[in-house]
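What follows is chain A paired twice: with chain B in the first complex and chain C in the second.
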Partner chain A sequence: MIRLLFRRSVPLVLSLVLSSCTDIVEPNQLAFVLGTSIDPAEGGQIEVGHQIVIPTQKSGPFDGLSESSEGFVVLSATGRDVFEASEKVQKKLSRKLMTSHRILIAISEDFINKNDVSALFDKLNRDPANNERDVTVMIKGSAKQFLTLGHPMEHLSSIAADKEMQVNGLKSFSTRQFIIDSVSEGTRPLLPTLQIQNAKLSSKITTPIAQWSGYAFLNKRLKVKGALNETEGSGVLWMSGKMMSQGLTVPWKDGKGALSFRLTHLRRQIRSGGNPEHVVLTVKAQAYLLENTTSLDMSEVNNKRMAERYVNDQLQKDLQAAMDKVRNWGTDAFGIGEHLHRKHPYWWKKQRDDWDDKFKSLNVTVKADIKLRSSGTSGAQLKP
Partner chain B sequence: MSFISGNLEENEAYLKEQFDPCSDIVMRTYILNDGSKLLLLYIDGMIRLQSIEDNVLRPLINNGLPQGIDRIRSLAEMLGREWLPLTNVKTEQTLEGLIQHILKGSLALLVDGMASSLIAQVQDFETRSVQEPKKESTLRGSKEGFVENIRTNTSMIRRRIVHPDLKMESFTIGRYTQTEVVLAYIRGLASEKVLAEVREKLGRIEADGIIDSSYIEEWIENSSFSIFPQIQNTERPDIAAVSLLEGKVVLITNGTPFALILPVTFWSGLQSADDYFERFVFIILTRLIRYTLTFVSLALPAIYVALSTFHPDMIPSSLMINIATARESSPFPTVIELFLMMFIFDGLQEAGVHLPNQLGPVVSIIGALVIGQAAVEAGLISTPIIIVISLTGVAAYTIPRYSSTLPFRLIRYLLLIVSGLLGFVGFTFGIIFLLIHLVMLESFGTPYLSPVAPFDGKRIKDVVIRYPFWAKKGKSKGGGKR
Partner chain C sequence: MKISAYQMFWLVSISSLVELSYLPTHLAAAQSRQDCWISILLGGGFMLAVTWIMLKVCMQNKDKTLVGFIKDLLGTVIGKIVVVVYFLLWFMHMSIILKGLVEFQNLVMLHQTPMIVILLGVMFLVTYAVLKGGITAVSRCAEIIGPIFLFMLFIQLILNPQDMDIKRILPIYADTGWLSIVKGAFHSYNYMIDPSIILMLFFFAENKRNASRTILWGTTIALLWGVLSTLVLLFVTGPNLAMQLVFPIYSLTKFVSILNFIQNIDAFFIPLWLLGAFIKLSVCLFILSYGLSEWTGIKNWKLVAFLTTLIWLGYAVYCISDSRTSDMPNNLFLVSLFYPFLYLAVPLILWIAGSIRQRLKTPIAD
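Our next item is the complex of A and B:
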């Protein structure tokens, strides 16, 4: 049998070799797209910009790129859909666009408000040459301009944005998650927002760089209904289960000093009991005290207990405020609708069509359950 | 078949004719003081002359016939009684047998009036002393290696297995070389079926000469066209002894230090003697490394081609950009580049084998400088290729036996071709074909991939994880008895 197969395979191999019929693509025939921007263009068209790495013949991939400041190019074109625009970009390029390595998709706020964002999903989902692990962010201003920016630490602004999210404990902001949130009935997507601001990096250099400005909350039709700044937003992220760790600073009740914690193992739990109109959302975390400017001696067990209780109360108050804000916009970024869908399917059938409105009048109570795991290596404050 | 006649002149004439012209044959006639003629025949340089002079010639010439309890009247009578002060003495009636014995280094004594010849086995020729085997050196364990002399080799095994059930059947193969081949096995452990097959195959060999055990290997192996060796060779008597204890059969050939072991499996090619000499916990690690690198040695170039030129989306972004940067100015396609480098690497290796020792460093300098550095700096070859090829080359040498590395070196090329044509589809097909072949292959009735496929719970204890010796009881019986 082997011999037969061998005889059969020789002509096959030969025919492939002689006709040079293969799918082979050398790496120097590819243009690696690391970031894509989506901006509105005139006449309801889309402007698609691709941030493309320039591989240079240097010892390392990015060696010397930062000095000459440009290790990349941004090429853009307009079209009726993403494909048409990308084809126009391709015409300007000597290499084949390769979107599988994309790290980030930046959508401008204008585009979200003017166009139908869900029209982008089809291309992202249908074309297998897209990896949906890239993150989706919203840019205040021009998304294309964001791509052209440099970054003091990283070589590309898209790499920088991605790493910033990772290092700050944000998860589940991939394009795939964005699409899932958008199409599901009981969850509304939220997008991290970047703003271009001038930053003074040293005594001489002042350059515009993209900075986190907060989070945008989208409704069922994917329009921005509200925005929260970063401090408030991180509480919402915790409540929607999209954050892994964060810092927390609580001013002490006597107004003198504050307690700062690192919170890890962030979790949240939604409970509705028998009544779907009353939902309890519990957030849980482990806290590690890292700074104490109050007069408390945190090696005392009673002080520890008191501090834990106080921090929980304060946190609960803050989170409830943030929750009420978001609830008033009607954007259920927490997935409470999904929870109720599973718990009360018959009740849900009557609610799902105008969930955005129904969510506004829902009674959601936030409870905090933080466990103080460590009070650090010193007891009382060091006093001279 | 002709017999030795009673007439010494007749015999002498016949032997002279047979051995003409053979400058190394010594025929010497002595006339003793009683008038009887004695003819001595031997090959110069192959016998212990001193012992013959001391024990045979001097007494006969100086003292006449030795007188023991009985009275010996003639030389013929003395030889008829094998009355020589030597241990290994026998009588031979035929002329052909006589010639055989002389050629193998015996001394022949012929006497007028006697229709037989006395053969004294006093072989003594220059041999290499027992040394440490260079190709299979181990960190711990015996430092003895087989030598060219078959009797030294059999004695080394016999010293390790002190039991009458260790059998050594002798065969003589090769029309001209008359090479002695010993079939060693332990009765009761070795499978009778395998033994019968080996005996039958040895009997069928029709060769002019057997110079090395590799000749025997090619004559008796089951699938000559398979790239995988179905017989293992070893220079180490301890490995031979262990194999015997595992129920395997060992073939020792005269004139070569390489003994053959059969039947073998795929895994035995990847196992080293050191695996049994070190504590078993560490062997888990070394074997895992070895198996992984074995796979690397056959598949890495193919995987690299498939990944970088067919599925660049599967490589992490930063690595892919690294590769793309390094390849920016390469004039050749990746497959061709890899092919060239593999070819050059194998060429260097071949050159290294044949170079005289003094010239060895030359090849390494040229290889390292020209191929390693200059080719990259000149922009002919990209750096990742050098890394891939050197890693592949080094990985192949984690396989402890040289003959086991050869199939992997060949498969490397085949997999590279199919991967270069079809990407991972081709690579997968290549691996599937390889597995089909391995599963179908047999070595003397033992499936080549056993004990993995077909699965054997007892013997599996020695494949990836070597269980401690006390935990593998019964293992030695699994090999032979089926």
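Our next item is the complex of A and C:
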């Protein structure tokens, strides 16, 4: 009997120990961090803010507005590195910080210019509690303030920013991609930028929310060298291969009316024949005409072809202008250097050390190759 | 104790996959950056050749284990000394894997659990399986674990399609040159697979001809996975990040995000690695203790296995507490002398000696 009891109890005790009950953390002991902000602090220190959901107060997406409490807290602390600051945040919390499910990292513009951004990479890559799938954005102003903001549609500003990027066809802005771009020889990172602005949402409510203001271009030392607004920037994103779909509106030649397209299957192609000093970047897409306020009858084949050619010409001009702007900053967000590195590896060895300067004088031609796939469900204009 | 050819396939492939997913990618990438897949390919080809030579040796001496036939071929004294070096190799492999396993668990999942608890847990399982059923039990476990393990590892390679950029492995050769590529292969091939285990295992194979075929297949499939996983790693992260990842295969699982919904699947893979490591460790413990019992003349190999476990425990604790041992994979003595001796020199000598003996014997038999 005793023998039997002993035999039964040994596996029981063992199973408790071996299933590592010492390490069990229940979900109600965890504080889920969905957004992290990085701001500069005095003396070269760093201020880290964590946006933490309060799970008990969350139900449907629209409950948040009616309730007075917001359903999340933002706690921040300063430290010499991310870990020290996070530990200080942890001291104020009853639950264990859990960063594995983070959606977004917001870095303020000040931090990028004052501190060394690459110092963040180590923590992101070394600590297994980071997923590196979260997106990285730059905030004009205080990144911590961005986290404290609410959003009319979503629970959290970080979820909102992430969804906005997905809906608007942006891809490849994960932290991992940011790190890969930063450490690669011939690509410079670009960061989507958010700005906090007052928005009038309804007749009664006017509230500050974070809105896309454009894109920031970083150089080799990861300092902001220039910025483009949303419209110009989306062309650059296309040329960098970081966009999946976008809209395009081209005013017609005679100044009367415009053509609007939905562009899908955005692609770009970099070519450099035998001469690495001359590069041709071709953007490709499939276009669907969705609005036509010109006098053209777009059901006619000749008009279609003419419109296609004209749109390509216009687009080419715009993109070339954006390209030249970015090129003058010396920030190769397109990865042209990386292309040349792969295509002309021996030539590249002489260029890589001061690529930012060399890129300025590189001869890059932009070509557009948009195929009009459909002119929509209407033929000619409906005339009264 | 007999192993079927099918079981042999799983024993060899799991043992190889466990090692491949742990050390070589990092070691190769540190030397040859985006060309590390060539290093892995070169090293893998070399290891396949070594496996082939070892199989030749095994086929010449079907009715004996390494300890038995090395005495016949090289004489008792030299044979016994050389075998000790093999014992050291297996012991070292066991310790490296165990140390890696425990440290990884402590780092990633079990922050509070004392190291010794994980260590004892794994060792208890391994020793229990070996003592209770010998290689029969281990190979039956391998039969079950193997298909799941292999399937999941191959599936993992295609879970990152949206992050892959095939161009990241370019330019091939130009940035690194042959010296780095060969250096990468040189540093990593020792930890890809351990072909020397078959010198002991082959004795237990039921059908020698089939077993030798399945051993080659098991090795080839494992090496294929090794090359593919290295390529996938480069596609996803590019060379600059890949060379800094200490557990690249683990990091790959962390990057997986299917439709923004299925994420953090590393929790599924870590237990699988534990199961794979269990097979690897059991095989090593079994051949080590069986070989030792033959070497010392102690008939009861289970007693030897028990004693070996105690020494193993002591050494593992020492390894984990002494950080100097963590650089062992790059130790120049090991890489340039120890492994080439065991993987190339000795099997070649055995093969030549065996062939000569057969030639000499045949006329007498006529």
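In this section, the second predicted complex is superposed on the first by the 352 of 384 C-alpha atoms of A that agree within 3 Å, B and C clash if a C-alpha of one lies under 4 Å from a C-alpha of the other, contacts with A are read in each partner's own complex, and residues count from 1 in each chain.
By our rule, a contact is a pair of C-beta atoms (placed from the backbone, for glycine too) under 8 Å apart; a residue touches a chain by one contact, two chains touch by 3 or more.
Everything numeric in this text was worked out from a predicted model, so none of it was measured.
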| item | value |
| --- | --- |
| Contacts of A:A380 with chain B and chain C, given as first, second, both or neither | neither |
| Which superposed partner A:L290 touches (first chain B, second chain C, both, neither) | neither |
| Which of chain B and chain C A:N131 touches, first, second, both or neither | both |
| Which of chain B and chain C A:V183 touches, first, second, both or neither | second |
| Which superposed partner A:V13 touches (first chain B, second chain C, both, neither) | first |
| Partner chain(s) touched by A:P55 [first = chain B, second = chain C, both, neither] | first |
| Touching partner for A:D23 - first (chain B), second (chain C), both, neither | both |
| Which of chain B and chain C A:S100 touches, first, second, both or neither | both |
| Overlap of the chain B and chain C footprints on chain A, listed as residue numbers | 17, 22-23, 100-101, 131 |
| Contact footprint of chain C on chain A as seen in their complex | 14, 17-18, 20, 22-23, 100-101, 125, 128, 131-133, 166, 171, 174, 176, 179-180, 183-184, 341-343, 345-346 |
| Touching residues on chain C, where the partner in the complex is chain A | 107-114, 117-118, 121, 124, 162-163, 167, 170-171, 174-175, 237-238, 240-241, 244-245, 250, 254-255, 257, 260, 263-264 |
| List of chain A residues in touch with chain B within their complex | 1-2, 5, 13, 16-17, 22-28, 30, 32, 34, 53, 55-58, 60-61, 98, 100-101, 103, 129, 131 |
| Residues of chain B that touch chain A when the two form their complex | 308-310, 312-313, 317-318, 320-325, 327-330, 333-335, 417-418, 420-423, 433, 436-437, 440 |
